[in-house]
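Shared between the two complexes below is chain A, which pairs with chain B and chain C, respectively.
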Partner chain A sequence: MAEIKLKSLSKKFGKTDALHPLDLEIRDGEFMTILGPSGCGKSTLLNLLAGLEAPTTGDILFDGESVIELSPKQRDVAFVFQSYALYPHKSVYDNIAFPLAVVKTDKKEIDKQVHQVAQLLEIENLLERRPKELSGGQRQRVALGRAIIRRPRVFLFDEPLSNLDAQLRTQMRTELKKLHRKLKTTFIYVTHDQTEAMSLADTIAILRDGNLLQTGTPEKIYKEPANMFIGSFIGNPGMNFVNAELIENGAKVKLENRIFELSLIVGKPGEIMAGLRPEYIQIADEKHPGTIPARVEVVEHLGSEALIEVTTRNNSTLIIRTAQELDLSMNDEISLNLDLSKASFFDKSTGSNLPIGE
Partner chain B sequence: MEKRLGYWLIAPAAITILLVAIYPIISVYILSLTERLLSLGIDRFIWLQNYQKLLTDPRFWNAFTNTCIFTGVSVSLELLLGLAIALFINRPFSLRGIIRAAVLLPWAIPTVVSAKMWAWIFNTDLGILNYALQSFGIISSNLNWLGEPTLALGSAIIVDVWKTTPFAALLLLAGLQIIPDDLYKAASVDGASNWQKFWHITLPHLKPIMLIVLLFRTLDAFRIFDSIYILTGGGPANSTETLSIYAYKILFQTLDFGYGSTIAVSVFIFVVLISLIYIFVLRKQGSLLNE
Partner chain C sequence: MNRWVRRSGFYLGLSILCFWLAGPVIWQFITSLKSNAILTSLPPVLPDKIVFSHYTNVFTERPFARIILNSFIVASCTTIYCLAIGLLAGTSLSILKFKWRKTFLAIVLSVSMFPPIATVSPLYLIIRAIGLRDTYLALIFPYATFALPLSIWILTNFIAEIPSELYKAARIDGCSPMQALFKVIFPLAAPGVFTCAILVFIFAWNEFLYALTFTTTTNSRTIPVAIALFPGLHEVPWGEIAAASIIVTLPLVVLVFFAQKRIISGLTAGSIKG
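Coming up: the complex of A and B.
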């Protein structure tokens, strides 16, 4: 159990900045996911936390104490790898027992704990097997077992579900969540999969090009993305962006030739970007003055819902999520209701979110 | 039809192998059952009498002992030194590329050249080895490295180790490079010391490759001929005479083709036995690792 603080932590490999100085706080027992596209520095961050790499600047505190000088062993963290990193020549039993065996734990104690962990992960029947005789899901359970057995202060996960097929991934996700609830330990979980991050995390930290862009609950990040990148990266499909104009000192927004009155937006009047989640757009039953005309381009039926791609008169492409049973096909002319009260607005040049005043 | 065509297509290769490999082997076997001394004009079939002679021939057993000592000591040293070198050059450091290439150099030099070079290094009066040892005060008078029966075999071993350790190092280095880095990271986090990482990850992964190195090197060393022939010619007092050198001398110096072939066949039998043992062990090992 540990509360973790990162203070202006950075890492350079030669001349490349893998991680720009960042500050981050992780509460004791929190499930924190670090989300970002590949090459954003998230694995580097995990390696720094584990002590597998030394930072270029900054400090890492576990429960208020710096661990920078400590070896991975002394930091008391567990690491679960995307490749599982099981010892191929050892049985499942010996793999799980390894962290205890290297510190010369009593054999009976090891045996007791291995069975406890195996029971927890429901892999008791696999203990005699070798990793190559296991399926991907089973291997990841063994890797989890090896992490759990030490009762570490922090669990570090490096894309642990990426090598699993979609169905198994969903199942393991639920199990990880349950496991976190049972163990009540700090989990730090790195992934590039926003669905995984959204469904698992208490808090998400978004990294891009070695910069920490935003931290917050999945809900907050979804509803109030700090910039356009996050808006499009989070959500499946991502946010729709529409050209808009801020007028009358931020009191009104002009969009698709309509004027919307909103709470005050703090920003310079002029061209901005409006960000609309696919579910903030409704298809209107009939044309009336408030609606926006559009033409259907693509209809994707996903079972419980449908995604409809439309083009507006101003040539903006929007994706609409709808649960309605609609009989639409290409080139149909429809009308849209936009719910701008839930929309986000962004500065067009920097892409950052324009705060909404009271 | 197609089957017959297949046979026709492999026929040239099969005939070539038959002519260049199988025929000489069989003829050596047949020779080993004859007494054939060109100098005396004797040529007759004597069944297994040559083999009877072999078992009671002290010079054969001396050569056998020399071959075993040479093989055992040089192969063990090559494996250990090769492992040490491989571990060293596997670590990232500046000039690694140059060092890696330099390590291979002894192996790239033709044996005749390196043996002649070492013969000069070992030279009693002019050799650099005696000069160096004397200047460091390790020896007080020059040693006759190749002329002293107690030193000659050791000297031959040094030359072989110098020459073929790079081969072992190269294979082991390849083996080291395929060990996934995640395993070492996992072991670090799991609290393993460097020694434990070596013992629990490196060694088990290298085991199949170490067996391959041992197999190749044992077979090579057991048939050693060229470097020793150049260094000492099998002397002094037969102290460096190996089975191959003994066979060569009987065959081409004494021109006793029957008995010489018998010694050659004995080398063949030992080599087959060694291979069988290794193949058996390798099979057992191989099934454990392949992921």
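Coming up: the complex of A and C.
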């Protein structure tokens, strides 16, 4: 169990910055997901936490004590690799027992604990097998078993589910969540899959090009993305962006030739971007003032809901998520109701979320 | 019909190839069992009576047991030395991704490119100067100089095939760097280790030029040199030469059969998603 603090931690490989100085706090027992596209520095961050690489600057504190000088062994962390990294020359039993065997634990004690862990992960019948005789999901469980058996202070996961097929991934996701609840240990989970991050995490930290962009609960990140990148990266499909203009000291916004009154002052008047989640746009029953005309481009039926791609008069493309039963086809003219009270507004040049002013 | 022709053609080709490869050995073997009277008869005849005296003579009239021991010690020490250094160097070269890695490997390999005949005279002077002449070390060091680059090259490539996550996983699981090598990396490199061991051992077992130059007595003389020195002033003991050749080939055959079982490819399958 550990509370983790990163203080202006950074990493350079040669002249390239893999990680710009970042500060991050992870509460004891928290499920923290580090989310970002590939090459954003998230695996580097994990390697720094594990002690597999040394940071260029900064400090890592476990429960207030610096662990920078400690080896992976002394840090007492467990690591679950994307590739599982099972020892191919050892049986499942010996793979799980390995962390205990290295520190010369009593054989009976090892045996007891291996069986406990195997029971927890439902792999008792596989103990005598070799990794190559296992399926992907089974290997994943063995890798988890090897991590769990040490009762580490922190679990580090490096995209552990990305090698599994879709159905198994969903199942393992649920099991990881249950496991976290059972163990009550700090989990740090790196992924590029926003669905995984949203469904698992207590807190998400979003990383891009080695910069920490935003941390917060999945809900907060979904509703109040710090910038346009996060808005489009989180959510499936991502946020819609529409050109808009703030007028009258930022209390009104002009969008698609209509003026909307806002309940809050968003920022200084001028050109901005409005961000709308696909579910904040409704298809209006009839044309009335305030609705926006649009033409249907694509309709995707997903069973419980449908995704509709439309183009507005100003040539903005919007994707709408709706549960309404609608009979729409390409080139149909429809009207849209925009719920701007839930919209986010972004600076057009920097892409960052506009502060709400007085 | 056509199938039978093709099949018999295949086996005919196979037989010719086998005879081509094994012929000289078979000839040696037959020669080693001939009595002195028919040894040099032309055309060669098959012995009507099998004689084992050449085999016993090799050990009773010559210090051949000592010679075999010499060769065994020199070849084993060279192999162990090359494997020890080769494994450590191979691990660093494949796991630690440092700059100039490729250049370093190329330089290492270039060491073994000098022809032995070009280095034998300076080496002789050095070995005489430091008083190593006619010792095991006089052979082990030069042999290792030639075999080590090859070992490093082979082992680097074998270890590079082992996913680096396994090393990381071992470190996380509580191993020191050395423990990670001995418990995880080296067992997985076993096929490479055996391949390398066979090659180095055979090289050291068969080497002639250095052995001829750096040894003077039975204290350190190795098999190829000893056999070459069998001929006396008035006779060439073909029977004993043949017997000795057959005797010293056996350990290599045994070694290869023993190691072959351990060169199991695909040992690493299953650690990483496959």
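One rule holds in what follows: the second predicted complex is superposed on the first by the 354 of 358 C-alpha atoms of A that agree within 3 Å, B and C clash if a C-alpha of one lies under 4 Å from a C-alpha of the other, contacts with A are read in each partner's own complex, and residues count from 1 in each chain.
Heads up, the rule we're going with is that a residue touches a chain if its C-beta (ideal position, glycine included) is under 8 Å from a C-beta of that chain, and two chains touch if they have at least 3 such contacts.
It should be emphasised that the depicted structure is a prediction, and the values quoted were computed from it without experimental measurement.
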item: Fit-or-clash call for chain B and chain C when the two complexes are aligned on chain A; value: clash
item: Chain B versus chain C as contact partner of A:Pro99, first or second or both or neither; value: both
item: Chain B versus chain C as contact partner of A:Arg146, first or second or both or neither; value: both
item: Partner chain in contact with A:Lys220 - chain B first, chain C second, else both or neither; value: neither
item: Which superposed partner A:His115 touches (first chain B, second chain C, both, neither); value: neither
item: A:Lys12 touches, of chain B and chain C: first, second, both or neither?; value: neither
item: Chain B versus chain C as contact partner of A:Leu134, first or second or both or neither; value: second
item: Partner chain in contact with A:Asn163 - chain B first, chain C second, else both or neither; value: second
item: Residues of chain A that lie at the interface with chain B and also at the interface with chain C; value: 50, 52, 71-73, 77-79, 81, 83, 85, 87-89, 98-99, 102-103, 130-132, 146, 150
item: Residues on chain C engaged by chain A in the complex (per definition of touch); value: 163, 165-166, 168-176, 179, 183-184, 187-188, 267-274
item: In the complex, chain A residues that touch chain C; value: 50, 52, 71-73, 77-79, 81, 83-89, 98-99, 102-103, 130-134, 136, 139, 146, 150, 163
item: Contact footprint of chain B on chain A as seen in their complex; value: 47, 50-52, 71-73, 77-79, 81, 83, 85, 87-90, 98-99, 102-103, 130-132, 146, 150, 156
item: Residues of chain B that touch chain A when the two form their complex; value: 180, 182-183, 185-193, 196, 200-201, 204-205, 288-291
